[in-house]
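For clarity, chains are labelled A, B, C, D, E and F in written order, and residue numbers in each chain start from 1.
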Amino acid sequence: MGGRDATMVLLDENGIRCDGRKIDEPRRIMIKAGGLKNADGSAYIEFGDNKILVGVFGPRDVHPKHMSNTDTGILRVRYHMEPFSVGERKNPAPSRREIEISKVIKEALEPAVMLEKFPRTAVDVFIEILQADGGTRCAALTAASVALADAGIPMRDMVAAIASGKVADTIILDVNNEEDQAGQADMPIGYMPSEEKITLLQLDGVLTPEEYKKCVEVGVEGCKLVYDLQKKALHDKYFGEKAD
Amino acid sequence: MGGRDATMVLLDENGIRCDGRKIDEPRRIMIKAGGLKNADGSAYIEFGDNKILVGVFGPRDVHPKHMSNTDTGILRVRYHMEPFSVGERKNPAPSRREIEISKVIKEALEPAVMLEKFPRTAVDVFIEILQADGGTRCAALTAASVALADAGIPMRDMVAAIASGKVADTIILDVNNEEDQAGQADMPIGYMPSEEKITLLQLDGVLTPEEYKKCVEVGVEGCKLVYDLQKKALHDKYFGEKAD
Amino acid sequence: MGGRDATMVLLDENGIRCDGRKIDEPRRIMIKAGGLKNADGSAYIEFGDNKILVGVFGPRDVHPKHMSNTDTGILRVRYHMEPFSVGERKNPAPSRREIEISKVIKEALEPAVMLEKFPRTAVDVFIEILQADGGTRCAALTAASVALADAGIPMRDMVAAIASGKVADTIILDVNNEEDQAGQADMPIGYMPSEEKITLLQLDGVLTPEEYKKCVEVGVEGCKLVYDLQKKALHDKYFGEKAD
Amino acid sequence: MASHSVLDELKRTQILELLEQGKRVDGRALDEARELSIEINAIPKANGSARIRLGDTEVVCGVKIQPDRPFPDTGDKGLFICTAELLPLSHPTVETGPPQPPVIELARVTDRGIRESHMIDVSQLVIEKDKSVIGVFADNVVVDYDGNLFDACSYAATAALLTSKTPKWNWTDEKPVLSEGEEGQLPINTIPVSVTMGKIGNYIVVDPNGDEWASMDARVTITTDSDGNICALQKGGNDGFTLDEIVKCGETSIKVGAQIREKLKSSSQENQ
Amino acid sequence: MASHSVLDELKRTQILELLEQGKRVDGRALDEARELSIEINAIPKANGSARIRLGDTEVVCGVKIQPDRPFPDTGDKGLFICTAELLPLSHPTVETGPPQPPVIELARVTDRGIRESHMIDVSQLVIEKDKSVIGVFADNVVVDYDGNLFDACSYAATAALLTSKTPKWNWTDEKPVLSEGEEGQLPINTIPVSVTMGKIGNYIVVDPNGDEWASMDARVTITTDSDGNICALQKGGNDGFTLDEIVKCGETSIKVGAQIREKLKSSSQENQ
Amino acid sequence: MASHSVLDELKRTQILELLEQGKRVDGRALDEARELSIEINAIPKANGSARIRLGDTEVVCGVKIQPDRPFPDTGDKGLFICTAELLPLSHPTVETGPPQPPVIELARVTDRGIRESHMIDVSQLVIEKDKSVIGVFADNVVVDYDGNLFDACSYAATAALLTSKTPKWNWTDEKPVLSEGEEGQLPINTIPVSVTMGKIGNYIVVDPNGDEWASMDARVTITTDSDGNICALQKGGNDGFTLDEIVKCGETSIKVGAQIREKLKSSSQENQ
């Protein structure tokens, strides 16, 4: 987190960030519920320059059977980057990073999904990163919640997600790629507003105890903004003028 | 197909090719039915400098069971090159090329094999390229048909195969390795003469519509020559003087 | 076996070896039975600078079931080196050498274990090389026998193991790493003293027929020394003052 | 997509009955491809990209252009590699894990169709002979499945390549150094178009949709270039074609290919 | 360790009943870690090593230090890589084969906790800029399992790194040449300490043992540095935390981390 | 070949009953190997090759000789690598996929027998010290299985190596350049011969065929060189040998090995 490019000004004297945003201002977020024909539910999100597609299948049978659970349904999540989604072409083999993020997102969604309602079966969430720009896991988690809702999976709440962080000794909302590379800390947060539960939380970078508290608080507030956009996306599809 | 070695004369003023053949003349072809002790059927072919061994097992049980089909038998084909079969030692791991050719040969044999006669079971065809010299897939398909017949698998017909192609703006029969490397087009054809069906067809290289038609026709005629040698090989084993 | 370092004196004029030992003197050997909480049986050995931990589980169910044998139990052995156990950091993927040694040790233990007493089940032996110093397979086999006994697996006898070899045209006992690298022959031997059976035997390096006989004899005598230490380790645990 | 169920049998019967009346399930003529819609530059951070729909089959292609080492025996040529992958969200039957033979065939046929047409002049993609060349990677991902991935991937890759911007590199201090601000087009020789035809009973249909794909006996994919020549072909499926059918398919591929080539041209010109 | 049986349910009930009385199954206070014992230099042939027990969880870490190539874009920095592996003798449920997602997470979280603290000054690990750097590999193997591998691996790696001896290399004839007899310490900036807390019902316990680990709803691992700052965090498990809980966990990690840091310091100083 | 059926039991009983009368199932003496037939140069495009039959076990070995990089610590030696593979057409039980432990052992024992005899003088296979050496790859493929692959692969590899022609390379412009038209023999020091003996009950038989292989309790493979010395040994199988048996097997391997060495010599001389 020392920052590769020490000369980049991440925050100017007027509190404006390298991409023109204010410290508590998220990037442009566009969420669309549905879109895929074959998936049982789907969503597309543009979150800054991130472009992510999520498809959901299930509840459906589990093969091999011994992987299923007679007491509860299981959730399976795959986070996957396209070879062209990042600066240098990514090797198609799944990286250890992708495997870890798949697990982290799965555990962030599990508190939200009423898995007990569909024992013996599985729900599959497939996340495809078409273009990456810092904060993919938060954008992916946000879209996955909408895709699960679009598939009609019973849920306690949706998980909204965004990263807070620290640049130029200041706590900011929604860390972009440059800020992640050259900044001081990055803290992705996933939050269920109506349940008041943090279900995803990670941190890379150094924070004092006070900054740590501030960072969590700023992130939770950001999640509430994202949550409204999630609800709007579902509303647009199911109750909007363009609803089919 | 621009040709690595532009200076090589692929066709001289008398219509003679780089290896002395006429334009419609195949390389030396020697087919032997049988030869392996453990395989249910086998064949060995020398097709120019290609040397290929094929072994067939089956019909036999399928493991795991869920891979079998209650309505029909299944055909499985593996095309495999030995490390010493090509110029530079081949890495032993199966290449994507070998996987594709296995599939292409399988689909070329399926119309010939009466799979419906042995439901729930599998017939395995193992093709081993001992020495490669251009046109391995045609030689392999030709030998595989003979090995299937030698195994007593019920068949509608045998598939005979050979490549036609284009060198020095001329359509030729049976493309050898040099002609494949330096020539203009290579079109492997597999054909069932009594059924009049083309079951393998591929093309690499540029042909005008007229050349395309000519190339298919030349290839089909070539397959008929190969077909006679296939029948002779089986005759030699089962009715010949050396039959055991 | 020409030896990389021809200048190293492997045996001086007084019959003393590069590490100060006499020709028939083994390295320091320390064996401890037990030690791991979760394993059903375990042992730790220091054999020269080798440090090896062995854990045993079983008899236990086999998954998938079709791998089990209704007539007899099965023994499964994994020999595995830690990345930090050798001079240059070892790639974590299992090497072909590790797979072969696993098989060799398994076949050396099988004559000792009464597999017929626990049909349909498996006993797993996990060997972990924490630090390697020449002769790991013998040290591992020695410790594995103790761990099997510690797990209460019914056995005909224990297998004791040590290597004999040839340096400076002399047959020696217990080849260390330098002697293996620069010496003339290395012969690992595993032996069941009460059954008088050699169950592990390998040889790399050139021996005359007379040397060959001598080498086997020296090795078998060495195994008897090791055998006493194995018995002592079990006695110390189960009947010693420190027994729990 | 490989398993055959009773439902598949019923669909095949229906498709065949319609074909006997000269009709297709979705109302198309036998030699008519589905509507092709092309969104150029769907992935702006890539060097080129396209998101295309062929009926309800949807494919995204991203092109990455970057310095690479040449193959040892072709140090005077750049690299062109085209891949294809079926994303698991494209259909409930797609499994994750290493690519299965049908996907390997899809990738190789897509690659070969473009490569054999000599669409890209790789001899112009050399930074320093024998040491450093430009690699062009066109990666297709299938996002929604409704049959005929061969053509869908081919069109996505071709559309993306036609509109790719390539950076320039100079050979400095024994390594390729990006020449900032200089961007050009890829050296394009021709526009290859793949046309896939399925044989169902004795009928041959262009651009089979998902139901037709599951019902067909054999298929042939023929790629033509801007000169109307045939430059690649792949037969597949577990039945065969007659010689006459194969010749006829060649003619159809030229005719249908010409229509699609115009579509690819116009959408790329709108995006220059 | 992932399967839930009737026995697991019974254990969870017992654990929860005790927690309601402010007690833990093994008698510890809720914010009390298990006893940590550290054996430095357990693998003398490695450049550094430690064998640690945290309660009945046991981990061996070996450090290898050797010349390596730098990453292309960071030619002015050495490499630091920390791994973790569950040996099959550590628990009857561990399977051999490629690492499963929980082990991949374990390895990455252990690595990140140390990396993000900047414990090792990798800028001092350069032999020749852009050509050769020093690689530091800290490989953890779990030898006995009783819960909380995150902290056990972190302590083993930290103890091994603090006491590692690094050889020196010179850049001669375009390759790194070992400078015999010269050995030094690794350049250490700070001592990171990871503290893992499990949430069981509404209770949060420090350093969950195996039974607690199998019973807990969620967990969080927080790493602090010598300045008392927080430098890495990972939430896991299939439930969530409230904001207040997360803030409280931060405080606990600083307090408990400080105790463990003293322990790590003193055992490393005894072994200098 | 690993599964034990009732049929296997019956065969073993029959084999043992015959052995008690001093006889073997195929009429051989206990210390008699099966007939060995050798076809040299079966793969003319390889640098050397042999197709051999040992009874009904058939193996093809092809040798490829090509420039390669030396191992970092042995820059003054060429490479010799010998492999072995069981082709699926060799027996109905052989499966495709990554090699199983018995095949890995087969390959390593075959390689070691030749390597430890110092058959090939790798110090003469250097093109440019530390930079480029000659690699000799002897790849065995088993084409038909009837027991005792250890000896069959060893004989195939040895016959192929004895008759290999090696090209010459010069070190020009920092790379190895083929010197056209110059071909020589490999530098051969000795002729290693492997002899495998199976223990069935208390009987030891040379060169077990397929039925004997499935019935035996233990085996030992001993390789001897042209001087009649023993240079490699591998015991296998799930029983043991007495010390006397092992010493006796050594003597048998020298005696039988000498006969087979003559056979290998004469067939290679016919093909010079």
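Heads up, the rule we're going with is that a contact is a pair of C-beta atoms (placed from the backbone, for glycine too) under 8 Å apart; a residue touches a chain by one contact, two chains touch by 3 or more.
Source: prediction; values computed, not measured.
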_So if I look at the partners of chain A and the partners of chain F, which chains show up in both lists?_
none
*When the centre of a chain is set as the mean of its C-alpha atoms, what distance in Å lies between chain A and chain D?*
32
_Centroid from C-alpha atoms only, then distance chain E to chain F, rounded to Å. What do you get?_
48
*What is the distance, in whole Å, between the centres of chain B and chain C, each centre taken as the mean of its C-alpha atoms?*
52
_Inter-centroid spacing, chain E versus chain A (mean Cα positions, whole Å)_ = 27
*For chain C, residues contacting two or more additional chains*: none
*For chain F, which residues are shared contacts with two or more other chains?*
none
*What's the ring order, kicking off at chain B and moving to chain F?*
B, F, C, E, A, D
_Contacting residues of chain B [partner chain D, same complex]_ = 1-2, 4, 71, 96-97, 99-100, 102-104, 107, 110-111, 187, 192, 195-209, 212-213, 216-217, 220
*asked:* If we count contacts the way the header does, which residues on chain A are in touch with chain D in the complex?
replied: 36-39, 42, 49, 51, 53-55, 57, 60, 78, 80, 82-85, 87-89, 92, 124, 126, 128, 130-131, 133
_Show me the residue ranges of chain E that touch chain A in the complex, using the header's touch definition._
4, 73, 101-102, 104-105, 107-108, 112, 116-118, 220, 225, 228-243, 246-247, 250-251, 254
*In the complex with chain C, residue positions of chain E that touch it*: 42-46, 49, 56, 58, 60, 62-64, 66, 83, 85, 87-92, 96, 137, 139, 141, 143-146
